[in-house]
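Input: one structure, supplied below.
First chain written, first letter: the chains are A, B, C and D, and each begins at residue 1.
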Amino acid sequence: MYDQHIIYPASLRNTAEGGNVTGFSLGARLPYYRGQPLSVVEDVAVTVDGNKVAREQVRFSVRGKTWSLDQLEEATTERWEFGEVADILVAHPGGLSTGQHQVSVAVQLRISYLPWSSVTTCTRQEALAE
Amino acid sequence: MYDQHIIYPASLRNTAEGGNVTGFSLGARLPYYRGQPLSVVEDVAVTVDGNKVAREQVRFSVRGKTWSLDQLEEATTERWEFGEVADILVAHPGGLSTGQHQVSVAVQLRISYLPWSSVTTCTRQEALAE
Amino acid sequence: MKATHQIKRGVSLYSYQYETFLRKMTLDDCIAHAAGLGAKGIEVLAEQSFTSFPEVPQAQIDGWFASLERHGAYAQCHDMFLDTKLYKHRKLSFDEMVASMQRDLHFAHKLGCKTMRIIVNTPPEVVVACVPLAEKLDIRMGIEVHSPFHFDHPWILRYTELTRATGSDHVGYIPDMGMYTKNYPRVFRDRFLRLGATPAIVDFILEAHAARVLTDYLLMDIRKMGANPVDLQMAETTRHNIWSNPRRMLEFMPWIFHIHAKFYEIDDSGKEPAIPYEEIIPVLIEGGYTGHLSSEYEGQRHIEDAFEVDGREQVRRQHEMFKRLLGEV
Amino acid sequence: MKATHQIKRGVSLYSYQYETFLRKMTLDDCIAHAAGLGAKGIEVLAEQSFTSFPEVPQAQIDGWFASLERHGAYAQCHDMFLDTKLYKHRKLSFDEMVASMQRDLHFAHKLGCKTMRIIVNTPPEVVVACVPLAEKLDIRMGIEVHSPFHFDHPWILRYTELTRATGSDHVGYIPDMGMYTKNYPRVFRDRFLRLGATPAIVDFILEAHAARVLTDYLLMDIRKMGANPVDLQMAETTRHNIWSNPRRMLEFMPWIFHIHAKFYEIDDSGKEPAIPYEEIIPVLIEGGYTGHLSSEYEGQRHIEDAFEVDGREQVRRQHEMFKRLLGEV
């Protein structure tokens, strides 16, 4: 559910540290009908232009705090709220080229009352915002 | 069920036609609690000393009639009765050497009220009867 | 204690399948053993006790009646099957299913059976089409309500809707007590352990069955525990061996013609560890059941790899239990 | 026709989830819309309508009460969830589950809710441990009997056994009408077709659902027909969207505190094609149900890929249907 709404429109942009473009980021919303503790987020798999980003390269940030995907799984008292746009940060020296990119985000959730871990995928063409 | 009783004990013997040893045969019983039409027998897979016999090399014979495994699947009005020992004939020029052989027979049945086709396997050490 | 009910005892020759398969018991031996326990009502599977079904040689039919007479027993139930998958590439048509079922009604009649078990995968429409013949032959047909089905299962709801609409008292139910699997059968557990199930996962499955956890949840949990294929196979059996409420029989009692007294094991204390007959029989008495408790021993396939199968002793033990629970002793 | 019953109407804000997610509706908008339909009893999912649960900022609590008052509505039901899988490598312990459920009871009380929905995977022992607090806070807790569970499911049988043993009138059931899926939901069917399901296999699945065929049989049949992964996914939904007998509610009516009026679509004729409310509501009236029919629109996820979602219109239509079936018009 909410597949098409995971990637927040027009949110793809390069990120810089100390003047150097060190990666890119995009907004993402939880594909579920209510907020969840971060620890149930088992994966946020990012693929850009067909290239799967290594898990270790991905960071999740919300309300000023940032976690690696492994740290996310320990964050039992923090939340990804319903409809809240989190930042998905990808370490990628030099960032992305300007223009259109095919971005795919697959969110895997460990929902307690479901007898499976749901994986919801959103794939969009997004232009790199200036 | 009846796994261990599929292969009829001490029934492994070479078969000859016109004085030439052309194969071997063994007795086999239906691994089920009641007789079945032959057409539900989807496979009688024979393996001797680790060598799987090709489906086309196997013949099934009961009460004087003989079928290939493909013909068996069309025989809707013939039966393999409960506890009845059928002959499984394998074309194998020169037959088997005397002495012990590891023989394995796997019977696959299409039982109408089961939501799967059951495969029952029997593996025995059998000496070639003189 | 004087019996305050009219429940009768019988045996399905299914219980002696292993001995019959190995040619240790003949049809006559089976009937003799059952009758010797006071279980006079005989239930028969044609494809187990006869050959060339449905064209069974007259000699075998004559032998059947001779044995019944010799041992003071009587024909009670014919177990009908429906070979919907007779043909590899198509299912039987509606007309073929009706013809097949009518063939079985005539055969049941030939054997002198008063009831016929309808295998549960028989479509209700086929059963309805056979009601006139059942009434003509005076045979009461009952769908076997067999786990994972139960009286409130949608398949059985539809069966009830269509059959009750006929207004006939010759169509009803033959419940199999396997749908009252209160405790996971020990003989299942032990066989899976012999096959290589992981002890810690086996215990987890037993706890889940006792807690009535949904099979789908159980499968997810044990996969996370590193379940092997045997563990998964054992967990899957919880889907097909359900617990449900024996008191649900009360609403359907007027149309319960016969009962499959399924059992996997009667232990040395004379109890069936998995199926609570001490809870089931009082419900049957309360509901005024007048049919048979027909022993259906099915432990063979769970112990044959490691133990001597003794259908006679198991059936004997079950009838000792029945005599006690029915107040015959 | 004068209403001869005391059934009330309400809305679960779950029905407006899509608009809430896209920030098209605020909490106040949701309460206003429901109240405007005469559906005064509001059901709320804390993690949908508030943030930082369970430490919801007081401003949001105050906003909740302000909206209720502004629109003449009242708090009816808090939907409790149990995060048994909060931790990756272990389940919540018994004490942690009890603490979690008591946290929800206090939160329900803070919101002024009179009933609390217990998510179905909550172990009955945990519920029993919370009965004293529920009585103290005067909140009636009901396990959501949600497909594939039903009143005669072993999990619910055990729940009934343990909760009735408490003798409390504060623990019971909140049945979700999704267990009365009489006809396969069209919105499911159409979405699977859009996803690439094979039309001939889709028709086969619809016939199997109508005939109440066991899911395991259906899966085997369609595999032989060459089913693709989408076909298999569609067939699997028949396991989780069951038909069962609405009249089974009658036996449990004294302990049915609230009802999830699940629906996937109200068509242009004002009917729910999959769930027969015209059969369900007469049973509720017959049984003397006095609680709420709480709209739980769940069609969004089945149409969002191809259609505009309009929760408000769907909820409005359902209440038009309820008014008709409840004799309010």
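Simple rule for what comes next: a residue touches a chain if its C-beta (ideal position, glycine included) is under 8 Å from a C-beta of that chain, and two chains touch if they have at least 3 such contacts.
Everything numeric here is computed off the predicted structure, so don't read it as measured data.
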If you tally the C-beta contacts, which comes out ahead, A-D or B-D? A-D
Once you find the CA centre of subunit A and the CA centre of subunit D, what distance in Å lies between them? 30
Rounded to the nearest whole Å, what is the centre-to-centre distance of subunit A and subunit B, using the mean of the C-alpha atoms as each centre? 58
Rounded to the nearest whole Å, what is the centre-to-centre distance of subunit B and subunit D, using the mean of the C-alpha atoms as each centre? 55
Taking each chain's centre as its mean C-alpha position, how far apart are subunit C and subunit D in Å? 38
Spell out, as numbers or ranges, the residues of subunit D touching 2 or more other chains. 121, 214, 216-217
Which subunit B residues sit where two or more other chains touch them? none
In graph terms, nodes being chains and edges touches, is this line, ring, star, complete or other? other
Chain pairs that touch, all of them, please. A-C, A-D, B-C, B-D, C-D
Flag every residue of subunit D that touches subunit C in the complex, lowest number first. 121, 123, 148-155, 157-158, 211-214, 216-217, 239, 242-245, 248
Within the complex, which stretch of subunit B touches subunit D? 115-116
Okay, in this complex, where on subunit A does subunit D touch? 1-5, 29, 33-37, 39-40, 42, 73-74, 76, 79, 81-84, 110-113
For a test of understanding, state which residues of subunit D touch subunit B in their complex under the given definition. 214, 216-217, 219-220
In their shared complex, subunit A is touched by residues of subunit D numbered 14, 17, 20-23, 45, 47-48, 51-53, 81-88, 119-121, 300-301, 304-305
